[in-house]
Amino acid sequence: MTRPGPASRSAYRAFHAIPTRWKDNDALGHMNNAEYLSIIDTAVSLWQLDQGLSITGPDSLRFVVVETGIRFFAEAGFPDMIHAGLRIGHLGRSSFRYEVGLFRNDADTACTEGFFTMVLTDTQGRPTPLPKDVRKALSTLMM
Amino acid sequence: MTRPGPASRSAYRAFHAIPTRWKDNDALGHMNNAEYLSIIDTAVSLWQLDQGLSITGPDSLRFVVVETGIRFFAEAGFPDMIHAGLRIGHLGRSSFRYEVGLFRNDADTACTEGFFTMVLTDTQGRPTPLPKDVRKALSTLMM
Amino acid sequence: MTRPGPASRSAYRAFHAIPTRWKDNDALGHMNNAEYLSIIDTAVSLWQLDQGLSITGPDSLRFVVVETGIRFFAEAGFPDMIHAGLRIGHLGRSSFRYEVGLFRNDADTACTEGFFTMVLTDTQGRPTPLPKDVRKALSTLMM
Amino acid sequence: MTRPGPASRSAYRAFHAIPTRWKDNDALGHMNNAEYLSIIDTAVSLWQLDQGLSITGPDSLRFVVVETGIRFFAEAGFPDMIHAGLRIGHLGRSSFRYEVGLFRNDADTACTEGFFTMVLTDTQGRPTPLPKDVRKALSTLMM
């Protein structure tokens, strides 16, 4: 298995700080896998809101998540401040991929790296080209 | 502190079985407080759906939760089947109270008892009388 | 129903800021009830950690939550910064009550007020007197 | 992108039924990504418990999740019964991969397929060979 090591903060473009919660830890005393995904989800949502990319409401963009994945390198848990770094790893005609590195407190090496592959769809659920302004916003996250 | 003891199953009218999940347990190895509330929430929602009381969509009922509370008598956790028993403890003009007892696996005594006080509101958020059919459905849960 | 109105920030002693997550919102587009409890849980845990009151590990304090409750006055949701204010409303021999007000962003009036009644127990689960240092720490949160 | 279509139930060996909860749905009105992972997590945990593979307590197996991923084909949400099918896709010396298909209610085609790659570690966190009985249990999930 070729498994690239975790990246440093310099491999990501935009950061959001999200603290862990007591309930994030499971019976093994560390953050449950699902909560990492929720933190990634939140970081992506916050960035989109900052860019004016609305995903709720009548005029919202219909982004569909088609795939997600996480690689775990080191534990995180409560109480930690997680710094979620974002970048765009792929920007296609109607699909794109957010890549997110999670950095624990002062660490410069990611404890976790994940991604969301999204497709913009029309009201029938068919892939539709990314509008110019969406493409422009996403491209600011390319390295 | 006057603290009535936990009730038995016979004190409740309608039951829904909801299994716990691995992530429900927190670092102390038992179900986290917030998850009890989610199980109660789910039992109430399932019962309402069974009665045709829609809370989502354009014609939905605007039930607002104004208060909730839980008393804990014994632990639950993963893997347990939680049997949530429902009854109506108060049925007013526009407000009512769901009371929910949670029973662990085969236990006849509740490990937890909680309630939701709800108010039906109009589109301006003001209390509005419960329609006849809603009142009728809720009254089937009175003891 | 005597229902006291929501308090202002001045009614609480210690504050922790906890941002909401995308997933906190449920299908009604506002924060789910259970997540309020998780935010209260987290604020209490953070405060206890700051005071050196350990609740995990071999020498931890066995605090048992016996009752919790929340009153809802106004909605919160994603993306909000929740400022959780803490105070102690009751300090008994072996039990005490955390009272927590949640303030949304810049609001000075609580959107939600909740409490946790806890009992310190021994290894057999019996109530045991609060040690002097625990009582001292908790008393700093009395108004 | 080569994206294999979703498998049918016959591609999986062991099934656990896990109902969704009201809170699983996010503001878009369908199950949040993180909750899929929690359901997969729960199905794996239930299967391991059935096999006597303990992951908590002093004599527990130290399985570390090193990677996880999910591909989404169709929505699920509340109220659905999710049938989680398990198989082992890879069985190495110290690592293995659970593959899990999620089937909504009566559907024979997976709405979601995910995996957990796990490594058994020693007390120092180094990969250690899977014991014979663990390997035997896991191999019953190979297709």
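Labels for the chains are A, B, C and D, by order of writing; each one numbers its residues from 1.
In the analysis below, contacts are C-beta pairs under 8 Å (C-beta built on N, C-alpha and C of every residue); 3 or more make two chains touch, one makes a residue touch a chain.
Not measured: the values here are computed from a predicted model.
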* So which chain is the furthest away from subunit C, centre to centre on CA atoms? -> D
* **Selected pair, greater C-beta contact count between B-D and B-C** => B-C
* Structure fact -> Distance in whole angstrom between the CA centres of subunit C and subunit D is 35
* Between subunit B and subunit D, what's the gap in Å when you average each chain's C-alpha atoms? -> 30
* Structure fact -> So, in whole Å, the Cα centroid of subunit B is separated from that of subunit C by 22
* What parts of subunit C, by residue number, touch at least two of the other chains? -> 22-23, 27, 29, 32, 34-35, 38, 41, 56, 78
* **Complex contacts: residues of subunit B adjacent to subunit D** => 18-19, 21-23, 29, 38-39, 41-42, 45-46, 49, 56, 78-79
* Given the complex with subunit D, which residues does subunit C contribute to the contact? -> 22-23, 25-27, 29, 32, 34-35, 78
* Of all residues in subunit D, those that touch subunit A in their complex -> 3, 27-28, 32-35, 37-38, 41, 55-56, 64-72, 116
